[in-house]
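You will see chain A twice below: alongside chain B first, and alongside chain C after that.
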Partner chain A sequence: MRKNKAMIFWFCLPAVLSLLIMFVYPVCRTVLMSFFRVESLTAGLGDWSFFGLGNYSKIFSSQSFRTAMSNMVVIWLVGGLITLALALLMSVVLTSGIRGKKFFRAAIYMPNIISAVALATMWIQYIFQYDYGLLNAIVTTLGMEKVKWLGSDMKFWTMTASFIFGSVGYYMLIYISGIEGIPQDLYEAATLDGASKVQQFFRLTLPLLKGVIKTSITFWSINATTFFLWSKMFSPIDTEESTIVPVIYLYDMVFGGKGVVNRDAGAGAAVGVVLTLLIIAVYVITNRLFKKTDLEY
Partner chain B sequence: MKKILSLILASVMVLALLAGCGGGNNNKNSGGQDAGGNNSQNDAGAQNPDNQDGGSGKQYDGVELTMWSMWNSDEPQGQVIQEAIAAFEEQTGAKISVEWKGRSINEILSASLESGEKFDIFEDDYQRIANIYKDYTYDLTDMAAAVNYDSFSYPCFNNTVIGWAGFLNSIAEQPQVGGIFYDKDAFATAGVTAEPKTWSEFLDVCQKLKDAGIAPIAQDSAYADFAFYHQLVRHLGEDAITDLDANGGWADSEGAVAAAQEIIDLVNAGYFADGAPDEYPSSQNKIGFGQAAMIVCANYVTAEVNNATGTQVNWGLFNYPAVEGGAEPTAAYAGTNSLAVTKYSANPQAAFDFIMFLTTGEFDQKMADTAAQIPADTRNTAPSTLNGTIETLLSADSTMTWCNGFNARDDLKTSVKSTIVELYEGKFATGEDFCKALDALY
Partner chain C sequence: MKKGTNAYRPRINWKKEARLLPGYLIVVLWVVFTAVMLFWILGASLSTSREIFSGHVLKFESGLHWENYATAWQVQNVSVFFGNSLLYSVISCAGVLAISAPAAYVLSRWKFRGGAALRIGLVVAMSVPIIMVIMPIYSLAVQWGIKGRLLLILLYIMMRVPYTTIYLLDFFSTLSRSYEEAAYLDGCSGPKTFLKIMLPLVQPAVVTVTIFNFMSVWNEFFMALIFTSSESMTPVGVGLLNIINSMKYTGNYGGMFAAVIIVFLPTFLLYIFMSEKIIAGVTGGGVKG
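Then we have the complex of A and B:
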């Protein structure tokens, strides 16, 4: 068929323009803004004053930003290990032919279709509540003293645990689709060769899921880096050290917190650039670690 | 044939695109939705200046205003605003469109004002209006003078706004006052007959309440910094706190050490409710359940507790007690949500008149009663749960900010707050230990 170049151009134009205006322009503006002293996010270029690496210096010397980064890394690493391991375990169990597979799959995925706000409220006001919460009811039934699950020592971990609860189902579905894509005859052959279920998991399932695991690590990295709502729900009035993450720090910088009128959109942009670079770094490293993932079966 | 089909498809796409982009002004406020997805109730239609009925001869026939509200249409405040708009439209012939932006209005106001987006009136915290948006707000000084605004408003807010912005750029709509809110019935049960004015009297009240089996103080971690700020202000005053927050040296400040020690003594004496500092709003709700008696907060705590617990607490309010030899014995927190007119509004007088209509007389009283708030019009009456608040605000010669002293170092703000929460958790043996922990942040 003869290609009509003009037609292709006109059909592509709206999409290209949308991409340029809504994606490329904000990205370029944010990167540029991170090198300027800018108070308001929408301030005109005339109100910008060159600041060099000043914004980066400011955020990296900030105790709050360092705490936020540290919290984010722990959520990414510890939370990621637990979430992905649990998701993988459940996906293997659910694809092993157990009864009630559909029910368990729906039940484990259900937190993903409930609003995260409702989910966080349930955890805060019911599960972790000091006086009548589920956990303290169990603890007191066992004859132990009530625990302050939302005290400053525990809040970060309770928040992370709640986040993990809400995330496992999503990754489990990804793994289930990956496992179901592996031909059954490979397992049959392995069984005939005398491989146990555990051996089949480590020698067959895991290697053949490399590509899916790589994708899930990238997704998890994006989720951990853009972690916001759970932090807001666990510190509803004002930002707290135990729940602060970089996006919350960015938000406070750009919009100001309760009673705070100082704003620094330049520093906020610098936080955004740092987070983007982090995601790119994780993506590149993951690609290097899982180089040969395109196995054909 | 294929070419013709392609051309038809391309034409349809372009037309659809144009239709989507077009009609901006006429549809802008029609059937709009608020942040919560609720339909605007006071959609006054198009922004077409030619759309005047001209026949009724009312004051603002043909005038169209747009208001951005920080509430949602189904909230009590939103409902009163809608009633006021309907009455104002009926009375003056003006048409007011309201867009319900919700509490996140501060995220979009700056950008919208800078880009000159067409709206005339907006609501937000008066501190932000005076400090962040002042360049985009109308100077209301002359219009306020013309209606003798000073005679029925709170000087503490007007003076503060003028001090920050340099001119009167907002009108108080929902004033707030802070202090110690308490359950009068709990006080009566414990045999407390007078509100404490000094720290030693306050300790006596705490002991009586404890003896009566009522936890004296409820404290949620969300407000721990606000509570401790009161203690610090009594000892040092706000300027000294700002200085300490900016430069450190807390352990060298006798006032800071004493303030922290007093909180530690409260913790050790068992004067805080079980589980305090609890997760908001668990501890404050204990007042509604009759388990605790007092809380340091602003007046909205009364409505929050009543609504959350389904009770009608017999609320009272007293100013935070003075400490011996303290620098600031009387200052109380005062703040307000206010209304402002955009600098580029085509009808600033009509916008101002609507603001007056909403914040005075019948509708201000209705706002106070419906939303359990302090009236903005000092001639009105506060709901029974907020008795005395109008007088408190009127007599306030010096007001306290919402922890402004802790904002001097925005990079340390969250760390300072967390250290304060630990103070209330009883993690420090002495006031000096606490102050050293603060100094370690610098």
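Then we have the complex of A and C:
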């Protein structure tokens, strides 16, 4: 087949331009901006003054940023463990030969398809609602006092719980495709050797899923560090200490939220760089941890 | 004939089903919870605020209050949000395809200078967090004087280019080169071969990727929140947030739940009809162990 240079050029040009405008240029500028004192986003390069690591020391000495970071780490670690464990459980159940597998799979993945704003509203205005909500209806039936699920002491955990509910289905699909990729004769051989189902899970399924689990940890890390929507939904008007996360902090800092007197785009850029470095760190560490025992089948 | 088909149906093995009981319990509980939530919201969208607060949802003692939908659609501006989201999603899907399909095609067909770099760039761009690009994009938009609907559409298009290109690239690579050889011998030009022969061959992949792009743009929230300056250009996600924030003043709970259902319905219906294709697409493109 002849190579048509003009055609290659014109066919690639729009994609290249999109990549440059939407990703390459902005990422470079954000990294650069994090080392400069930049008050307004629209300030030209001429109005930037070099600030060294000033933005970084500013955000790390800010109490709300530290709260935001610790909230994020809890969501990442606790939420991650629960989400991935539930997803693994669901995927094992669905591949165990139960009836209606396709229906269950579709139903559990469904929350990922619908608007997260609508989903969060369902949780806030129904499940956790104080007066007529589902949880309080159950609580009163059991003869106990109603609980303020959306009070500031419970809010973080109710937010995390509803986020987990919405996320499980996606990781479940990844695990199902991983499990279905494992040759069936391995299980037959294990059964013949007298391995129980539980033994088969820990000795066979889990080790063979290593690669898929690695991928899911990376995806979860990206989702947890860029956590924004659920926090905005649970504290829609004012940012609250119980639900603040780094991206909310960045949003208030750069685009103006309540209580932010001086906007600071440089500090916002520093937040972005810190989060990106965290994602890269998690990626590198999981790759190291899971690398040595790459199995072939 | 009936007897024949019966013979082929696998008999229920009760011993096996009993062993799977704990598994059934887990998934059934999860799905029942989801269903209760959806049906209650649907019921609430057809109830009055008083019925909702007195716990009488799904009893419909005063009939079905369809006027909640009319209120949400007209008074609470859901029609505007809905129209905007539809506009953004449809135009973006078409725009992404126009940019990504040609690039994916030549990337899959020829080795050329910069091709490998472009490929790597696209893969990396797929995992660049939005917060790393949003600030310079904002200043660039101000500098170039692009705003409103046009800005959002352009951003949605460019945002989906990396994923779409990589997804289609995998499918173009599976096509045999003999199609192009034949077309070339018949005197068909390169671009024409692409449009008339190769693109139709990857149509299933185009459909899948377009569904994903549609859902992604329909559900997008962060950029919409930052770049919409008036109600008239607000898409559904941010619009719903505005409705909830104004609930304190309107007190119209039925209308709010109706708005939730309206926002929820398009992608949900798409899913009802295409769940197999969507689920296959989730793990088909790029997710490998």
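Going forward, the second predicted complex is superposed on the first by the 270 of 297 C-alpha atoms of A that agree within 3 Å, B and C clash if a C-alpha of one lies under 4 Å from a C-alpha of the other, contacts with A are read in each partner's own complex, and residues count from 1 in each chain.
Following the convention adopted for this analysis, a residue touches a chain if its C-beta (ideal position, glycine included) is under 8 Å from a C-beta of that chain, and two chains touch if they have at least 3 such contacts.
As the structure is a prediction and not an experimental result, all values here were calculated from the model.
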{"item": "Simultaneous placement of chain C and chain B on chain A, clash or fit", "value": "clash"}
{"item": "Which superposed partner A:41 touches (first chain B, second chain C, both, neither)", "value": "both"}
{"item": "Which superposed partner A:11 touches (first chain B, second chain C, both, neither)", "value": "both"}
{"item": "Touched partner set for A:131, first chain B, second chain C, both or neither", "value": "both"}
{"item": "Chain B versus chain C as contact partner of A:232, first or second or both or neither", "value": "second"}
{"item": "First (chain B), second (chain C), both or neither touched by A:276", "value": "second"}
{"item": "Which superposed partner A:255 touches (first chain B, second chain C, both, neither)", "value": "both"}
{"item": "Partner contacting more residues of chain A (chain B vs chain C)", "value": "C"}
{"item": "Segment of chain C that clashes with chain B, given the candidates 151-159, 187-195 or 259-267", "value": "187-195"}
{"item": "Common interface residues of chain A - those touching chain B in one complex and chain C in the other", "value": "4, 7, 10-11, 14, 41-43, 125, 131, 236-237, 255"}
{"item": "Residues of chain C defined as touching chain A within the complex", "value": "16-17, 20, 23-24, 26-27, 30-31, 34-38, 40-41, 44, 52-55, 57, 98-100, 102-103, 105-107, 109-110, 112, 114-115, 118, 121-122, 125, 127-140, 142-143, 155, 157-159, 161-162, 165, 177, 180-181, 184, 190-191, 194, 215, 218-219, 221-222, 225-226, 236-238, 240-241, 244-245, 253, 256-257, 260, 263-264, 267-268, 270-271, 275-276, 278-279, 282-283, 287-289"}
{"item": "Of chain B, residues touching chain A in the complex", "value": "6, 10, 13, 17, 106-107, 110-111, 114-115, 127-128, 131-132, 221-223, 225, 274-275, 277-280, 282, 401-404, 407, 410-415, 417-418, 421-422, 425, 441"}
{"item": "Of all residues in chain A, those that touch chain B in their complex", "value": "4, 7, 10-11, 14, 40-44, 58, 61-65, 67, 124-125, 128-131, 146, 148, 150-152, 235-242, 244, 252-253, 255-263"}
{"item": "In the complex with chain C, residue positions of chain A that touch it", "value": "1-5, 7-8, 10-12, 14-16, 18-19, 21-27, 29-30, 33, 41-43, 89-90, 92-94, 96-99, 102, 104-111, 113-119, 121-122, 125-127, 131-132, 134, 137, 170, 173-174, 176-178, 181, 209-212, 214-215, 218, 222, 225-226, 228-229, 232-233, 236-237, 247, 250-251, 254-255, 265, 268-269, 271-273, 275-276, 279"}
